[in-house]
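Below is one structure, written out as structure tokens; the observations come after it.
Just so it is clear, A, B, C, D and E label the chains in written order, and each chain counts residues from 1 on its own.
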């Protein structure tokens, strides 16, 4: 197990592993997403109150879930980097942050599209929505740090510091936004935790699974690119490119 | 090339240059000397048109002037290559750029951001600019400072080259250089 | 020489793009300040809709001034400004190019994003369009004032510069907000016309003031 | 050597006082942004009173972050930071002193002035007092976040730094505003307690992060 | 005083210092030489503790180190006087300050803000700091650059003085100086 991890954090080994497994994971993810979404869209019954609009849930909820999970994995990576200086951890953070931003945006966007017919408005300042927006801003802020250093180690460390502080702060932000929200009580419409029918739940779960696999695949690809960028001067990268030719 | 008559310049009411008169012909190399704070940099800035509120008369027969100051005028966040390609004083072609960078041992650094260069390497980049631009008057403020031996020799030769092409050069330096046709002491 | 101006344009764009931070900075700043207001003021829909124009304009004003404050600063510190002064070229055009590049990269994206944020603040669709138009006319003014702030505090860019010019930006702010608030009325065109006129007359005056302010540092 | 810290204190105060701009800057910025709001939102007394706490807190937040962004910047550029690193003295204490000096000169005056401005925005007297208390607890947090922003973007101080940390300052902002809004209720103490706790835990974490961020630039 | 064993340092994965070994005894003056970009400034920064992520072993027998870098560490907005009085490395008394400023011709500038000094005058202010501080190890990066003749001589004498007091000095310079007990070439 230990050996497996130490191999996983070595760039050449990870690169090869990713190179081999990417096509399979990618294809599987597409398949699972298609399965989940098409099941949800074409075969599950329409909602009693919302009609067919609710089907956007099969994109919205997976996107929202993935967006948050990415941040938490980044926090773990940042701790790993700050303590053990494992370069792979910083590669992970730098590759995942744009993906996180993308999925947060997707969640916001689909949520807004969904909100228009159901709530009659694109947006409410409710706790969950507000903290999702803040998550997006946090992602953008992290991305904007990428190029403010000329030394790579510094970028890595700056990113991990800000990810970590954001990670400590995110629950506090959520909590305080919730207090603020309950005090104001003005948002009459909130996301209700209404229980979902099993026939809707199963395709939703499949769809969520598909999104996670998809992020894994794309994340691995992005990490490969980032690794190449960093190790361009190293021999193993050169030999890979020569093999290609 | 240059004719300076009764030049007065004061900074915060403290006179710095007082009644300066001199003339520079074309194909002359002038070594501007003086102790620290005697106004050498200030004089070069006046001649190149950066500082304006002097008294007296300055006649320049050209407005094609190259100025190199203590601050080199390079962009920290651009690469060496971009710093050279986007300089308005010359249109660098690939070949001449290659050659110039080769002379100064900068070839391996051409894609590094300027920020990450050593003091002397930065200086060298701005001297590549000097090498590539074809002006009639060169005003160089301490071009030799921070340079290694080889660099100093190179610059001396380049200055002589420019002289042979008919340009005038005024440079300041606290060291001795036997390339100057004349010394001007402030 | 056309070359001089073209290369200025290229160099400034390149400097801008060489750091994702200078591109994303104003956007992040704008988004986060926009979020601050509903949190600070409460999320009452009607109230927010009423304040929306003001909130967006103030946030744009701050983001714009702050990001434009360093336009001339770097050039001054690294000596590029010296070279520009030696070149004998028109400083007016040079400064205009610099301000344009900065406006293009930092204000234009904000205008697009402001449309999204105006929905988040419950601004009606028509009003959001008017908002975009007023921003299109107003942000160049703000950019020029930002540049002026920077030119005044060339030696050290700090918070002072922008605070000096904020009062001068008030007419743009007021006209912009008035136009949005009267998006249903005829007066709308009057305000937009005034804003356009303000922009038109500011261009020469403000750029000339920037040059004046810069030259103060070379005496 | 006590001398090192004492001289750091003296030097920083002297640098601060040597330019009236760095002293007046945040104050002017704060006053001007405060006046923007009645202009942008209309001068309805009740509405302003309702928004007052938010307006003041947001303005303080911006003024504070922006003025603290350059704490370490200058030291980095002029090489003083190199000397501090050679000294072998505790960087933690050094950074604390710097942040304190900056807080003292730029935030403390703002707290006093905020009391006056709160009357201008029709905030009741009791609420204004609570405002001052929350600011007293909150501004050090903002100062430290500002310092962190500066430390992260040491090479070039710009708008990015502050935009990164604004989201992180949200809890302080929310707690401050909640406390003011519940100035008549019991909960008040709860919020103030939370704010104090937030301050207490931020001090070591944020200063340590500042040091971490500074050290990034020396590897 | 200093013992360096197998020192490696690389910048963005590019090796800069490779397997460096040397020793400096007390009362030695070392002239550090090398072409531009060979890593002289970097080495001095490593020795003074500014840069940390090197590989290898460095033994220093003192932590009372004076460092002078390309950036002088002076505050632009303070006067020359304040810059000297508020330096933590020494407690300047009025007399010694007068004397030091006299030596460097800075007396008339003591109430000027550092900002308004010429390049060489700024250097001189930081050399006054050198003059006033009593350390065991002096690391001077190009202390002679931008100085006029008289200044250079003064510094040479000061370095020898320090040596006689038992301190070690490492300085870099691209010129020849006959004060060094040994040269170290990178």
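Keep in mind that, in the parts below, contacts are C-beta pairs under 8 Å (C-beta built on N, C-alpha and C of every residue); 3 or more make two chains touch, one makes a residue touch a chain.
None of the values given here were measured: they were computed from a predicted structure.
Visitor: Name the chain whose C-alpha centroid is farthest from the C-alpha centroid of chain A.
Guide: Of all the other chains, the one whose centre lies farthest from chain A is B.
Visitor: Farthest chain from chain D, going by mean C-alpha coordinates, please.
Guide: Between chain D and every other chain, the largest centroid distance is to B.
Visitor: Just the number, please: Cα centre separation of chain B and chain E in whole Å.
Guide: 27
Visitor: Cα centroid separation between chain A and chain B, in whole Å?
Guide: 54
Visitor: Whole-Å distance, chain B centre to chain D centre, using C-alpha means?
Guide: So the centroids are 45 Å from each other.
Visitor: What whole-number Å value describes the gap between the mean CA coordinates of chain B and chain C?
Guide: Using C-alpha averages as centres, the distance is 37 Å.
Visitor: Could you check chain C for residues that touch two or more other chains and list them?
Guide: 18-19, 21, 24-25, 28, 32, 39, 74, 156
Visitor: Do you know which chain E residues sit against two or more other chains?
Guide: Correct list: 11-12, 53, 70, 77.
Visitor: For chain A, which residues are shared contacts with two or more other chains?
Guide: Within chain A, the residues that touch at least two other chains are 134, 137, 141, 144-145, 148, 150-151, 153, 177, 180.
Visitor: With touch defined as at the start, can you tell me which chain C residues reach chain D in the complex?
Guide: Per the touch definition, chain C meets chain D at residues 21-22, 24-26, 28-29, 32-33, 36-37, 39-41, 47, 50-51, 53-55, 57-58, 61-63, 66-67, 70, 74, 153, 156-160, 162-164, 166-167, 170, 173-174, 177.
Visitor: Can you tell me which positions in chain B touch chain C when the two form their complex?
Guide: 45, 48-53, 63, 65-67, 69-78, 82, 86-89, 91, 113
Visitor: For chain E, which residues count as touching chain B in their complex?
Guide: 11-12, 34-37, 41, 70, 105, 109, 116-121, 123-124, 142, 145-152, 174-175
Visitor: Could you please specify the touching residues of chain D with respect to chain A in the complex?
Guide: Interface residues on the chain D side: 148, 152-153, 155-156, 160, 163-164, 167-168, 170-171, 174-175, 177-178, 181-182, 198, 205-206, 209, 212-213, 216-217, 219.
Visitor: Where on chain C does chain B make contact in their complex?
Guide: 1, 3-4, 7-8, 10-11, 14-15, 18-19, 74, 77-80, 82-83, 85-88, 215, 218-219
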